[in-house]
Each structure stands twice: as C-alpha cells, then as structure tokens.
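In what follows, structures are represented as structure tokens.
Below are two complexes that have chain A in common, paired first with chain B and then with chain C.
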Partner chain A sequence: MKRDWRASLRYYWNVKVLGNAYLRWQRWKMERKGPPRKWRTDILAPPLKIGARTKELISRHYLEGRYANGHKPVAWVTSGAPVEILQALGYYVLYPENHGALCGARKVSVEIASEAENAGYSRDICSYARTDIGAMLSGKTPVGKLPKPDLLFACTNICQTVLFWYRVLAEHFKVPLIVIDTPFVYTSPEEHSIEYVKKQLENAVPIAEEVAGKKLDYKKLKQVMRYSRMAADLWLQVMERGKNRPAPISVFDQFIHMAPIVEMRGKPETVDFYAAMLKEVDERIEKGIGAVRNEQRRLLWDNLPIWYKLRELSEYLAERGVAVVASTYTMAWGELAPLIDPEKPFESMARTYIQPILNVGTGKKLEKMKKMIEEFQLDGAILHSDRSCKPYSIGQVDQRNRLIRDYGVPALLLEADHNDPRAYAEEQARARLDAFIEMLY
Partner chain B sequence: MGKIAAIGIDVGSTTAKIVGVDEKGEFIWSYIEPAHPRVEDQVDRFLKKLEEENGPIDGIPIVATGYGRNLVHQATRKVTEITCHALGVFRQLGHGGTLIDIGGQDSKVIIIGPSGEVVDFAMNDKCAAGTGRFLENTAGRLMVKLDEMGQLALSSEEEVPISSTCTVFAESEIISMIAHGVRVEPILKGLHRSLVKRVVAMVRSVGLVPPLMLSGGVVKNPAIRKMIEEETGQKVIMPDHPQFMGAYGAALIALRGSRRK
Partner chain C sequence: MLDVPGRKSVCNEFKEGGGRVAAVMPIHYPRELIRAFGVLPIEVWGPPGMDISYSAAHLQPYVCSMVHNMLAFLKTGGLDCADYIIVPHACDSLQGLGSLLVDFVKPPHPVFPLYMPRGKRPEDVEFFASEFRKLYDWLSSLTGKKPSKDQLMESILREEKADETLARFYDFRTEMSLSVRDFYRVLRTRQYLPAEEFVSFVERVMDEYAGDPPDGVPVIMSGIVPEPMDVLDEIQNLGGLVVDDDFACCGRRVYPAGKSDDPFIRMAERILYGPPDVTRGDLIEERFEHLMEKVKKSGAAGIIFYTVKFCEPELFDLPDMRRRLKEAGIPSVHVEVDINDPLSHQTITRIGAFLEVLV
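This part shows the complex of A and B:
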C-alpha cells in the first residue's frame, strides 16, 4: 500500500480529533438518557448501560475505516480468520459479514443485495455474500463509506462460500488474497492438520508484511494474542452468567454486544469493554434483574440470528415470558478461548481456528447443545434453519429430533434466513412460534 | 340434543368453520363456508346463524383458531390450530398417535401424546406444495371438479410422475403433458402421489408414532387417503367430522376454560 501524508492528516483530524470527541459526547448523552421510547420496559429489563459503549466502539470502527485508506493498510477478512497477525501488523480490519449483519439489522440488506442480484449473482448464494458484493458494486452502505482493501484474508473454517466470495473481491479490487484452508474436524483435530494450518499461517506472514510495508514484531503479536485471549475469556464469562435465574442478559443482547469480540479481537479496548460488561451483568445478578421481566421458560437458540427480526422476536418471546438464554452461535467466539496461548502464537492460532463450530462434525454441535440444555436448565430450543448458512443448518433435523428424544423438551425448526427478509414468511413463522410456545406451557 | 355450552371458530385460509358443543363436550352443531376476506363480518354471520338455530349465545365462551383467529374479536381466547386439532381428534378418537391434517394452505403433522397433548409437530414450508391449494390449482387447469379428482385418479391404472412439488411449476408441467397428449387420469394420479409424498416426508421428519390419523378438508378425497396408506404402510383412521377438528378442539378448550371459572 502507498502511504499518503494527506490521508494520515485527514485520518488524525477526522477520527482522532473530531470523531473521538463527537462519539464520546454521543455516548455521554446516551448514558444519561433513559431507555429509548420504543423500548418495551414493561416486558424487558432496561437496555444494558454498556450499550452506549458498544455504539461508540462500532461507530468508531467504521469511522476509522472511512479514513483508513492511505493511512493504514486495510484488510477485508472472514469472521473466523486468524486476524491477530493482521492486528499486530497495524492493519485496519473490516469484516464484510459484520457489515452485512449491520445492513440486515438496519433493514437495508435487500436493497444492497439486489445490486449483486442485478449483476447476476444468484439468490441462492449466501445473503452475507450478496450484501457484501452488492455493497462493493454500488458503494451503498449505512456506515458512510467502506475502505478499499489492500489485502483479502479468507479462512475456510466457516464455510466454502468464502473461497469464491473472496475471489470475486480479489478480482474486483485487484489485490492479493490469502486463503487459509482448515481441514474439517470430524471428532478431534489431527496433529498433521494443525501443522498444515500452522504452516499456512507462517507463509501468510511475508505477504501480509509486504502489503503493510513493515515487518511483523513477534512481541507485538504475543501482546495481541493476550488481548484476544482476555477478551474471549471475558465474553465467555458474560455468556455463562446466563445460567442464573433469571438470566441477566438474553441471547438477543448477546447478538448486539458480540460485535467487538468478532471485529475488534486483539485490541485492548475490547478487553476493557467486556470487563465493563461483565461487571454490569454481575450487578444485574446481584439485584435480581432478568433480561426478560417475567422469565418463565428458558430456551436455546441455534444458528445465526435473524438480523432483521431481532427486536420483533425478542419482544414476541418476552411478552410470553420466554427468555432465550444460550446460543451455539455467540458461544463460538468464547468457547475456544482456553486454546489461545500467547506464548505459542502460530501453533495455538492453528489449534483454535481449526475447530470453530462450523468446522467440526455435527455430532459435536449436538453435544454442545445437550450440555447447554443441562447447564443452563433450558425448557426448549429454537433451531433457526438458515437458508443462507448451509454448514450451520445441516444436521438440524436430526439434532432437533435427538434433543426431543433425549431431553423430552420441545424443539422448533424455524425456517428463515439471517440477512434476507424475502426468505422469511411472517405468517408461517408466527404460526409455528405460537404453537411451539403453547407446547412450552 | 343438548344445549350449546361452548363454541369453537376456525378461520382457515380456505374455509371458515364453527362448531358448538354441549356441556359434555359432544359435537352437536357445525357450519362451514369458504373463507371470506372480511373475517369479522363472516364470524358475525356465523354467530347469528347459530343463535337462530340454537337460541341465544350470551355468556357462552368462544375460542378462535386458524390463520384468522386474531381477527375474531368475539373470542374469549385464541389458540393455535396445532393445539386445537390435537385436542379435537384426541377427544373423538380417544387415543394419541400421529395426525396428518391437510388444509387449504398448509399441512401439518402432529404427534399427539397419550393424554391429548402436542408432543411434536411439523408444518409444510413456505410454499403450497403438499396442501389442498396444490390440488385446487391443478383441478382448475384440468377442468375437473375438485370433489371428483380423487375418484378419477383412482380410476387410472397408469400414473405419470410429476417431478415438480411447486404448485406453479407443476401446473406448467401438466400443461406440457397435455400438449403431449397424456390423458387426464394418469396425470391426476401422479399429482396426488406428489402431494402425498411431500406430506409423508414430513411425517418421517418427526417420526411416525402409530396409529396414523387424518383430518382436514382434503381427506374427503379418497385417493389421498389410499395413497397415504400405501406410502406409510399404516392403516389410516379418520374422525367423524375431519374438516371440523380445529373448530371442535377450540370449542373443547372454551368449555374447559368455562369449567375452570
């Protein structure tokens, strides 16, 4: 990448001076204001105070992105990419999947995905990929402007779609693409597979160095790994607090507040953020505050959120005394924390990134769900059958039937899509949810 | 005939049904009409008809079910079709098992427990394949009366496979078959098979718990019944008023609610 002092000047002025001050002021205002008027305080606890910081972090992240080109090297990465290497090299890291989720939550994903569809990309392709490609082609985004990548970094541990998706990006932006291939783990990872991933990570370093125009500082890498580990540990603890009755936070809260652990892993402010969140969650436990005011039934959520229906679903369930307190999805960014070893950065990265939930056998997911049902004392499960995420949805029919057989709890397969509201049939979904809830009581 | 003690109204996608039960929960009065877009008016008319034939209904509890249940403002409670069907069928047949209900716009498979509770259920996905609409659509195209379809299908030895389960695509497939000179009866047989296979796949997804029971408007069609038996290898049991099971279950819930008070 070419550095440009004017870009750096713009970055410092707009992000570090104006942006930071403005965002801090916004946060200050939000912390002093009560819950927003549309917040259903009759059925839900008031919003988490940490929300003001989440908003500040995310806004700053995209603001930095807006002015990053020319000042910092920029990488676009997949959600399960070993991003620590890039963080240590001072990259600005953009997560197209998170950006896609944001578009979904702001209800603009259809408009942006249509840009990709109009260019010939099939509607059968993952809605994140379509949203991202649409944003790439049209420049449309709710965050102002996305920076152009200098490097693309894709890891196949979440799906095979990324392989083709990132090739499209590489073709469009004419920048180097690093692919980390993670062999599928059926039961437990083979040592030779870990070695294979480790070698690829080591080989990725010189390319990332060349694009960044600087050498990797191993001391810095270890520090980044430590921050990753600390933040993931804290995130895991936050989620485990859901074992309390009533659960201090719901999975819907987790969906919102997981953004930093996904897109700001390896940064000190992310560690501070989750430490503060844990403190607030513990205060709620002390005061006996439940995320759902009248918690009567507790559920598990499997698969990605339905981003464009978050609030509706959360309110619909809360109205009926149902709290969703554990999810396999948010857990994915915490459960591997113990594997991160800052002293052995490459080996532990290989070991961690080879076994996220989507790269291991479906039996493993079933085991995880069973463990959650016991440990979180759950009364049922909603399995979102996500049209866009095949690797997550495969096996759900059997998983559902086994949960019913082994635990006698009702389990619902809810057909939808994480980012494409056109694949969500309101009436049908409502009919299933209504009947499912009658079964819970 | 006893006095009506509770009322159940089932506003479905294709038909609207009303059932009255006596204080013992016996099915004593019913009425059915094609579903009207103005649900409230239709329900008012239903209740007036009931009053004319059975006397005043003041104070009698009403439970509504079906897609339009939330528009029935006269109802004291609204309950889903799943729970209502399970209850209605359980009360009529006296045992649990697997219930297949094929309605106008959705079909459902309900596993009913030994005391009438819903153990598990599955519904068709976001399309009309495997529902009454599938047959209705193609009946029109083939100029066959809906209530003759089943007999005609059964009258044919031959059967042409219909590969599309999608209602719209199946129609195009049929048009091209007619263009190739294929007779109507084998096409009809293939159509029924396609629907039944779709429904039986749903039964398999939840796991069949015998005995197998059948309700909904489509069961009036003899071919569907026969083919379900062929595909599952199970004898099918039917309640007396298969089309009214949702409304009947709703009436039973209304009755139970009034007893509790």
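This part shows the complex of A and C:
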C-alpha cells in the first residue's frame, strides 16, 4: 500500500483532532444526561450507561474507516477471522457483516440490498452479503462512506457463504483475497485440521505484509493476542452475569454491545470498554436491577439476532415477564477465550478459530444449548430459523425436538431472517410467540 | 432410446459379486480409494421427484431440493442397498446434511463426512491427502482390508483411465449421432459404473454411434445437475443443441491424471487441479476463462445457467459471470429449477426465446 501524505493529513485532522473531540463531547453529553430512552423503561431496565461509550467506539471506528484509504492499509474481513495478524500489521479492519447488521438495525438493509438484487443477486443468498454487495455497488451506507479494501480476508469458520461472497468482492475490487479454510468439526477438532489452519495462517503473513508494506512484528502480535484474550474473557464474564436472577442484562443488550468484541478485537480500548461494562453490570447485580423489570421466565436465544426487530421483540417478551438471558451466538465471541495463547500465536489461533459454534456439528451445538439451559437456569429456548444462515439453522429442527423430548425444555422455532424484514411475517411470528409463552407458564 | 445400465441394477450386480457399495453424496471424492477396498461408490444426486415431507422433518424449506431429496431418498429406503454413506463437503447445506446424519438421523449405515479444502495451495493438497488417509483407516476398519501402495496406485490408474475416456467421450460428441439426452445418460454412468465397465461401455457407444451429430443452435449449460433431464430434450426440440457443459456432476469432474508417486497426494491433486468449480473456491475469473475456452472449442453461441433454487454457490457467481460473458459478446440466460418440479412451460418458453435470440 502506498501511503499518501495528504490522506494522512486528512486522517489526522478529521479523525484524531476533530472527530475525537466531537465524539468525546457527545459521549460526555450522553453520560451526563444518560443514554436516550428509546425502549420502554416501564418494563425494561434503563439502557446501560456504557451505551455512550459503545456509540463513541463504533462511530470512531467508522469515522476512521472513512479516512483510512491512503493512510493505512484496509482489510475487509469476515466476523470470525483471525484478525490479530492484521491488527498487528496496522490494518484498518472493516467487517462487512457488522456493517450489514448496522444497516439492519437502522432499517435500511432492504434499500441497500435491493441495489444488489437489481444487479442480479438472488434474494436466496445471505442478506448480509446482499447488503454488503449493495453498499459496494451503490456507495449507500448509513455510516457516511466505507473505505475500499487493499486486502480481503475470509475465514470459512462461520460459513461457506463468505467464500463465495468474498470472491465477488475480489472480482469487484481486484485486490488479493486470503482464504483461511477451517475444516468443519463434525465431532471434535482433529490435529491434521489444526495443522492445516496453522499453515494457512503462517502462509497468509507474507501476503498481508506485502499489501501493508511492512514486516510483522511478532512482539506486537503477541500483545494484540493478549488484548484479544483479555477482551474475550471480559465479554465472557459479562455474559455469564446473566446467570443471576434477575439477569442484569438481556441478550438484546448483548447484541447491541457486542460490536467491539467482533470488530475491535486485539485493541486496548476494547479491553477497557468491556472492563467498564462488567463493572456496570456488577453494579446492577448489587442493586438487584434486572434487564426485564418483572422477570418471570428466562430463555435461551439461538442463532443470529433479527436485527430489525430487536426493540419490538425485547419489549414484547418483557411485557410478558420473559427475559432472554443467554445466547449461543453472543457466546461464540467469549467461550473460546481460554484457548488464546499469546505465547503460541499461530497454533492457538488455529485451535481457537476452528471451533466457533458455527463450525461445529449439530450434536455439539445441542450439547452446548443444553449446558447453557442448565447453567443459566432457563425455562425454554427460541431458535431463530434464519433463512439467510444455513450453517447455523440446519439442525435446529432436531435440536428443538430433542430439547422438548429429551430434556423437557419448551422450544420454539421462529422463522425469520437476520437482515431482511421481507422474510419476517409479523402476525405469524406473534401468534407463534403467544402460543409458546403460554406454554412457559 | 439407448439402453443404459441403471444404478440399482449395477448396485445389485456388484453386491452379488461379493462387493460392497458406498452411497456417495455430491460432489468431489476419491473414487479410486473407495474402489481399492472392493467398495463401489454410487453417487446420489437427488434423485429428482422425491416426496420431501420425509426430509422436512429435519430440514427447513429454504434448503435446496438436492439436499432435501438425498435425505428423503435415504429415509424412504432408497439407500438400503448401500453398506456405507460418504458425505463430501461442498456447501453449507451438504455440511448440514453430513452433520445431521452423524448426530440425529443416524441411519443404519456407517457415515463418513469428508472435508474438501477450498484452494489448491500445497497445504490444501496435503490436508486433502490427510483426509483420504482418514478415509482409508475408516474403510479399513469396516472391510478388514488394507490395500498396499501398489494396490492403491493400480486403483488410481484405473480411474485415471476412466477419466481419460470420459474426456475423449466429450471430445467425440461432435462425431456421434447420439441425442443429447442419451449422451448425458451415458456420461452419467460414470457416477455409478465401476471404472473398467465405464471404459468398455463408453468405447462401445463411441463405436456404435459414430456418425453425424444432431443439428441445432449450439449452447453450453452450466450449473449443478441437468435435472429434470427432460430439459435436454426440450432444448433439442426447440432447435438448440447442448454442445458442452459446466455441470458439477459432469464437466467439472473430468479430472486430470495426478503426478505424485504418493497415492494419497496423487488423489488429492487430481481433484484439486480439476476444472474450476465454485464449491472448491476457484475464482470467478478462472471459471469465466474456463467457460470461454469451452465456447471457443465448441463454437457455442450462448450459455444457459441452469441452477437449483437456493444453491448459494452458483447464485453468487451469476451476475459477474454473465456480465463478463456479455462483455465478451456471449449471450446467456439464467433458469432456476426445483428438481422435484416437472419442467415448467415458463422455463421452456424462456429457453425457447433465448435460442431464438441466438439464431
């Protein structure tokens, strides 16, 4: 990547000087007044104060992206990718899936995905991919502007879709594509698979170095991994606080505050952020504040969030005394923290990144759900059957049946799509939820 | 219509001769390794026209009909003649099917999920070879056999000869009077005939049917599988002629001979260095160049992309492939089917209109 001093100047002025000052002021204002109460606080706890910092972090991340081209190398990566190598090389890292989720939460995903559909992309492909490709083709985004990538970095540990999706990006941007292929773990991870992932990671380094125009500093890589582990561990602790009755945070809070662990792993500010979040959650526990004011029943959420229905679902369930306190999805970014070993960076990255929940067998996932139901003392489970995410969804029919039949846990299969509201039938979903909630009482 | 041996009769005959049978799901796997154990791989591409209420007990409706049908076929006794099931990894849906079989469906057959690496780097070849060593151990534990290196090489050479015959059969199509449907019926016996029988069958067909090929507007078809096969007749009835293909079950599996002396590496090379395939992660550019070579060689006037609904791997490539083809002056059309539905009139009209444009 060739560095352009004018781009660097623009970056420092707009991000480091103006942007930082403005975002700090905004955060200070929000902390003083408290975050805006857009959700019903008669049935839900007031929003977490940490929300002011979440907003600052995410806004700064996208602001940096806006001015990154020419100043630092830019990589577009998949959400489960071993990003530590890129962080240590000083890349600005953009996660198209997170951007897609943001578009979904801001309810602009249909408009942007339509740009891809008009260009010939079928509505049967993943709605994140359609949103991303739509943003790429049209430049439409709620964050101002997305930087162009110098490198594409796809890891198949979340799905094979990313392989096809990133080939489209490679075709469009004409930049190198690194694929880290993580063999699916049908039963338990095998040594030859781990060795394969490790070799790919090692071989990715020279390509990433060439694009970045600098050599990887292994001391820095270890430091990045330490930050990654610390942040993942704190995130895990935050989620585990959901075991308290009443649960201090719900999965809807987790969905809102998970962005830093996904897109800012390996950074010290992410560690600080989750330390502060843990502190606030502990304060809630001390004061006996529950995320749902009248917590009567506790549920598990399986699969991705329905981004465009977060508030509606949260309020609908809270109105009925239902708190969704644990999620297999958010847990994925915390549960593997103990496997991260900064002293063995490549081996431990291989071991960690080969076995997130999306890359393990359907039976393993059922075991995980059962364990969470026991540990969090849950009364039932909602399995979001996500039209756009086949690897997460295939197996759910049997998982639901087993939860009911073998463990006596009420479970609901809720048909939707994580980012495309056109695949969500409001009335049908409500009818199913109503019937399910009746079973819980 | 040409008399072509069917899957069931081949399966029964092989078993009567003392052999065993493995039902193998799509797409890429080492036939030679399985045969070295005296086991005949018989591929399961659907089949079309199944009652998916059997698979719907496990799979959501947004999973493709290919995968639904494989499961429905298993649950309705279609795989009863098989001793084993092998599920290669090709996409998220086949990954899910493999996992479901292992964890929940649990058929009476032992199941082996085989992971295919996405790339053709040295580490991909080495990993694939390791997967094959694992498959070797699995088959060994089931059959009690331990084929030597020489026996493995013998099996590899037999399959390489069959693939070389397959490639010659493709080249010879312009010198045969076979209908397109019969050509594909013969070609698809590679999915279940023992390699040596395939070679003699194809040689015989090439001898018996040497002559002028049928006439028609030349087109290439691309997709996963030409099902329902009526589409081939319809294209011919509409004045078209399928002169080559880029189907996952056919043209994308004309594997080259391997080079290595290590049988496991050689088997991996054969698959990974085969014609470009989206499920193996080959770039859109490579697929486009491969298609253009086919266009030049066959003189095709256009391309029909014939995909199965919900097949993400194929759907992602389409806009860029079609754009590139358009820039190269090659018209194309996209037709989407569910392999349980009969060929719709709408599809036929669409293909007819496309062929008219090509004249």
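One rule holds in what follows: the second predicted complex is superposed on the first by the 437 of 441 C-alpha atoms of A that agree within 3 Å, B and C clash if a C-alpha of one lies under 4 Å from a C-alpha of the other, contacts with A are read in each partner's own complex, and residues count from 1 in each chain.
The rule we apply is simple: a residue touches a chain if its C-beta (ideal position, glycine included) is under 8 Å from a C-beta of that chain, and two chains touch if they have at least 3 such contacts.
Just so it is clear, the structure is predicted and the values come from calculations on it, not from any experiment.
J.: In the superposed arrangement, does A:Thr187 touch chain B (first), chain C (second), both or neither?
T.: Second partner only, chain C.
J.: When the two structures are overlaid on chain A, which partner does A:Val397 contact: first (chain B), second (chain C), both, or neither?
T.: both
J.: Check the residue A:Pro410 against both partner chains and state whether it touches chain B (first), chain C (second), both, or neither.
T.: first
J.: Quick check on the superposed pair: does A:Met439 touch chain B, chain C, both, or neither? Answer first, second, both or neither.
T.: first
J.: Of the two partner chains, chain B (first) and chain C (second), which one does A:Tyr67 touch, if any: first, second, both, or neither?
T.: neither
J.: Would you check which partner chain A:Glu427 touches, where first means chain B only, second means chain C only, and both and neither mean what they say?
T.: first
J.: For A:Phe346, select first, second, both or neither according to whether it touches chain B, chain C, the two together, or no partner.
T.: Once the two structures are laid over each other on A, A:Phe346 reaches no partner at all.
J.: Return the chain, chain B or chain C, that is in touch with more residues of chain A.
T.: Touching more of chain A: C.
J.: Touching A:Trp76, do we find chain B (first), chain C (second), both, or neither?
T.: neither
J.: Would you mind listing the overlap between the chain B footprint and the chain C footprint on chain A?
T.: In chain A, positions 397, 415 sit in both the chain B and chain C interfaces.
J.: Applying the document's contact rule, which stretches of chain B touch chain A when the two form their complex?
T.: Contact set of chain B toward chain A: 67, 79-83, 106, 117-123, 125-126, 205-207.
J.: In their complex, what parts of chain A are in touch with chain C?
T.: On the chain A side, the touching residues are 119-122, 124-126, 129, 156, 159-161, 163-165, 167-168, 170-172, 177, 179, 181, 183-184, 186-187, 190, 192-193, 196, 199-200, 203, 361-363, 366, 385, 387, 390-391, 393-398, 402, 415.
J.: Under the stated contact criterion, what part of chain C meets chain A in this complex?
T.: Within the complex, chain C contacts chain A at residues 57-60, 62-63, 89, 91-93, 95-100, 102-104, 113, 115, 117-119, 121, 123-124, 126-127, 130-131, 134, 278-279, 281, 283-285, 309-310, 312-313, 315-320, 322, 336.
J.: For a test of understanding, state which residues of chain A touch chain B in their complex under the given definition.
T.: Touching chain B from chain A are residues 397, 401, 404, 410, 413, 415, 423, 425, 427-428, 431-432, 434-435, 438-439.
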